[in-house]
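The two complexes that follow have chain A in common; it is paired with chain B in the first and with chain C in the second.
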Partner chain A sequence: MKPHDASSRPPSRGFWAEAWARYRSRPIGMIALAFVVLLTVVAAFAPAIAGTKPVVCRYKGRLYMPCLGYFNRRWEAPVFTKDRFRGTYPQNLKDKDPDSWAIWPLIFQDPYRRVRDNEWPGRPENPSRDEGRPNAINLFGTDQYGVDVFAKMVHGTTIALLVGFVSMGLAGSIGIIVGAIGGYFGGWVDMLTSRLTEVVMCIPTLVLILALVAVVEKPTIWKTMAIIGATGWTGIARLTRAEFLRLKESEFVMAARAAGAGPVRIMLRHILPNALAPVLVPITFGIAAAILIEGSLSFLGFGPPPPTASWGSILNSARSNLQLWWLVVFPGAGIFLTVLAYNLVGEALQEATDPRLREARK
Partner chain B sequence: MATYLLRRFLLGIVTLVVITLIVYGLARNMPGNPLTVQLGESDPSRKLNPEDQRRMLEIYGLDKPWPVGYLQWVSKLVRGDLGRSITRKQPVTKLIGERIGPTVLISGTALILTWLLAIPLGLYASARSGHIDERAVGIGLYVLYSFPAFVAALFLQIIFAVWLRGTSWELPLFGMSDLPSDAAWTARAADIARHAILPVVCQTYVVLAYNSRFIKANLEEVVRQDFIRTARAKGAGPWRVLVRHAFRNTLIPLVTLLGLSLPALVGGSVIIEQIFTWPGMGRLFFESIRERDYPTIMGLTFMFSLLTLAGQLLADLLYGLVDPRVSVD
Partner chain C sequence: MTTAPLLSIHNLVTVFQTPAGRLPAVDGVSLAIGRGRTLGLVGESGCGKSVTAMSILRLVASPGRIESGSIQLAVDGESLELTSLPERRLREIRGGRIGMIFQEPMTSLNPVFTVGDQIAEVVRLHHRATRAAARARALEMLKLVRVADPEQRLDAYPHQLSGGMRQRVMIAMALACEPDLVIADEPTTALDVTIQAQILELLDDLRHRLGTAILLITHDLGVVAETCDDVAVMYAGRIIEQAPAAELFSRPLHPYTIGLLAARPDADRRGGGPLTTIPGMVPPPQEFPSGCRFHPRCSHAQQPRCDGEVPPLRELSPGHFVRCHYAEEISP
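Right, the complex of A and B next:
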């Protein structure tokens, strides 16, 4: 922050404060936003909500957080590998250190494997195949191999959220850069970027994505996100270009140029902040679209390979087992609600930031 | 007009060349080739020995680097030849000819249904704008719009093919027809229609929700204009104002939308056709990518992008036709 920012209090609310105030007055938009925040919380605390590794445990005189192993295998302390825990904690902790204690996740279920008989003292093995309907232990039932669906869903939340943010972050960056360069410089540069945008727009999205996914040798969730991002920027580029075309003629840009600002500075510091609001709306809708695309890719079997627990891959496993309705209902509802929430956030954002719609409401 | 068309035509050719070049490059760089993917996956013992493989690649012209292959493909295309499918041993045009009918059956029905329902829904929504019934319909449409088609397809399959099995409401799970091809045509038509219901529903509802919301948004923009006030002032009834005065002026964006739905009409939906194993174009594309069947991938890509460009041109031309103020020159 520069010093003069703090000294001169703006007399009226800024654009974003105004937009936020207007956004807050829309209950549906707020509910949708709350849902997205809830998903973020679930994703961040997934190993503490459902897992078979203790959140915190005391073992041989030291404190560990084995649940972090769900985020990254290396974050699980090596002592457990050395003592041959093999991923099962409850019995091993007691056997190998009688003084140990542990705080367990809310739901003792694993997203990657079937919970075995007596793994949790006194609890039978997870049911498999068509016996795994939802019950008190397996809230959302189990899949055909006996893996708990609730645990899979909780851990898949991370992917659903990441897909949206990473791929749209990438698409937004590409779109804004391409659109800004084309709109600001005009002439042959604009001709070139516009043609590029048009070409990518003309290839049907799923065709391009399927071809790209097939090219990638070992698909991972990160490569899928990169591909969705690399194909989804065209709409944002066109909008940014239009905004830059409009704003580059305005007086404040002329003033900045007269003050000696270079093109990069003008684009980043002067035009972009003013062009951001209309671009943010398609980015929000794009997040919903990215989640849909990841879902359909995993559903078609073109997603990242197991054991990545994405919601779409649960649906894929339901395709050949339609009588296991719980494999469709819960992940289906998850994808639907997330997409709906992002669409509603986008809609509310549009009404909060677009002055034309504001007039229409009066 | 002629210079405009010529310019669009030349630009379209450049776009087509770039698109096909990109997709050809991608296709040829996918791991494996039609021979290894097709035979090796199903049965390792049927794997070709390297000598045979090299010979067969030479026959198909796949032994040269991909830019050369692309030039060969283009030179054939210019002579009106889309090539032969490697895995299906048939001309690509024949494959497309076989698959286009089933796809149009689904997407054409869906397109007609969409517009037949979307226009009245949009008119109704803006006539009753703000009333409680319109709010309910609006929320319903919004929910439908956000509902993923592949999830809906699975739900419908569970309801109509699993839960209602044995009742008269049961609908077939997948495929296009269970009857042999020599059955009476009435029975066959009825059978195909029964198989088509679920795919048509899945392909209709998302577009329907989008289109009717689009129509309503456009109508609301028009209704605020001065000529609507004039029409009201001269004593035209509410329906007359809405249909004759307002709706006619929203036709322009609708025509654009119609033009842009042209590629989907023939291209079909990869996901819907895959779920219902419907023998259409989308499924053909999906299979040809999996089989690394380069000629089919290229033939379909060429057709899809040609239709996309044609749809855009059509939309722009119709634009001028519907609105005399717009001139393409």
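Right, the complex of A and C next:
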């Protein structure tokens, strides 16, 4: 209509845009968020940061990305197995195809095995035990078998974040669904879901996982995540229920019912977006808790089976080699900083989305 | 009445089952609204007028339920019984055939969606419409309710609009599917006086343009005088007087109505004495008196008849009903 009018008015900002604006004004929250983002990047690009397999290479006229083998064995092209590379690329590439070239990871170290003598031209074998203290080649030192700790840490990031996100994704879904149903329908349905929540709350997660390890033949990291998720949803369910109880009586929900909306639509479209902010906070804290649980499990030796690199399993190897202080300090700091960062993000998120807390601060 | 009314309520009883007992918030209310007519439902707070409105859409909150009575809505030549209609069919009626405007425009809009989305949602709930078509309809509705700068407002969130604007958006939502009836539950109570007048004018104008019948619930007799064809006065869960608006204002019959009209600040009363009041309070449902429920506050009450006998709703003159034993003697 009148263009000058439109430009003078500030653009429409939704709830989340407002919350983000408030979040941005918190330096600690932003630093923590930056750290979490950095971890995510490290986790996603772990094989390109530390590894012994080329990120990209040209071999016998074709391009390959052998580094994907760190995510899944089958993603490493079969030609390298056929040509008997045995995982050592630098020499084999040159020997078997003089025209080949490769782009290597930033750090030539392997999280799963000791790098041998002259594997990388002119570099000696990784030191082990007491000689393996941090140096220019092994940034965080090596463990008792000579495996590079930095590479283990980098690849362990994937596990740590995966545990946090997958288990809390599961817990969040269960918690929101159970809480929403109980809070919205009330009556005997609420009675049922609330009692169920209380029963699950009584199950000690760690003990359940230890029991699973004893019973199941092949305990994998996925089963651990499933258990953390299946037992960690109670807090989320209770919060969601409380929000739904409050919001279902609100006038806009009544208006939606009067407009002919059914229960599913009211729950998903009208109540859930309004209930999401308070629920997001315990999910963030839950991610931190899940990372801690996984760390504890691996430390106790009930973590993912040996070839999997996880921060907790490095700590576990330090248990019998306490004089190798770098086996304690680096993974310990990794877990500590990550859990701290998630908790700080959660707290900043809470302050950014909850108007009552914001008032209290002033 | 010659043609069948759009909505007819018969002997509606809505009770709230509470630990204190069975509380009849609405006790035997009968109403009829013709197509394109405006019926004002007047009464003090707590007299059951909002519960009557919510009963029509079967949206009475939890301990409350419709105990008996019938609510019939004329839809495409046939008459639907709303009290027994399956929930799924009822949802088509809500928003589609009967629109509803609430008292609080501040809280009746969902804070996390733009107003355009909310109007479009109503359209998409009742018609097969693409996103673009629903949005176009939302824009059309915003223009219809005379929101300034409708293109910009479409993407505004409720908190960015003033109270009057929000109420216009609520009206747009209620009318988006061209319902036959709009229930307006105190639509102007939360607004200041100048905005009230604008909103009422808008409602009246839309009624004439779209042919929508309106059930206007209010405690403001001034609002009724300006906009309604017929008026029903409720007291303590019952209708105590019903008449065409002009008739009711010129010749009120029930002592309560007479009292209400006398308690109105009036431009005619220049420099006159203090406003008259009705002594006492509306009793809460658990303390409804026997017989005529108004008798403890009525200066004309005569024992034992007013105390012991529920007065029937009598038609004293054509179209003018009153629930009082002594109406003929009292009215001037």
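As a convention for this text, the second predicted complex is superposed on the first by the 342 of 362 C-alpha atoms of A that agree within 3 Å, B and C clash if a C-alpha of one lies under 4 Å from a C-alpha of the other, contacts with A are read in each partner's own complex, and residues count from 1 in each chain.
Everything below uses one rule, namely that a contact is a pair of C-beta atoms (placed from the backbone, for glycine too) under 8 Å apart; a residue touches a chain by one contact, two chains touch by 3 or more.
Just so it is clear, the model here is predicted, and its values are computed rather than measured.
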Clash or fit (per the criteria above) of chain B with chain C on chain A: fit
Which of chain B and chain C A:Pro273 touches, first, second, both or neither: second
Per-residue touch tally on chain A - higher for chain B or for chain C: B
Chain A-centred angle between chain C and chain B, computed on Cα centres after superposition, in steps of 10 °: 90
First (chain B), second (chain C), both or neither touched by A:Gly262: second
Partner chain(s) touched by A:Asn343 [first = chain B, second = chain C, both, neither]: first
First, second, both or neither for A:Ala34, with chain B first and chain C second: neither
Which superposed partner A:Met254 touches (first chain B, second chain C, both, neither): second
Partner chain(s) touched by A:Ile335 [first = chain B, second = chain C, both, neither]: first
Partner chain(s) touched by A:Leu315 [first = chain B, second = chain C, both, neither]: first
Touching partner for A:Val215 - first (chain B), second (chain C), both, neither: first
Three-chain overlay, closest Cα atoms of chain B and chain C, distance in Å: 16
Contact set on chain A toward chain C in their complex: 1, 5-6, 9, 12-15, 186, 249-252, 254-262, 265, 269-270, 273-274
Of all residues in chain A, those that touch chain B in their complex: 195, 198-199, 202-204, 206-208, 210-212, 214-215, 217, 288, 292, 295-296, 299-300, 315, 318-319, 322-323, 325, 328-329, 332, 335-336, 339-340, 343-344, 360
Residues on chain B engaged by chain A in the complex (per definition of touch): 14-15, 18-19, 22-23, 26-27, 29-31, 142-143, 145-148, 150-151, 154-155, 157-158, 161-162, 173, 220, 224, 263, 267, 270-271, 274-275, 285-286, 289-290, 297, 300-301, 304-305, 308-309
For the chain C and chain A complex, residues of the former touching the latter: 57, 59, 61-62, 91-96, 99-100, 102, 104, 107-114, 121-122, 125-126, 149, 151-152, 155-157, 160, 170, 173
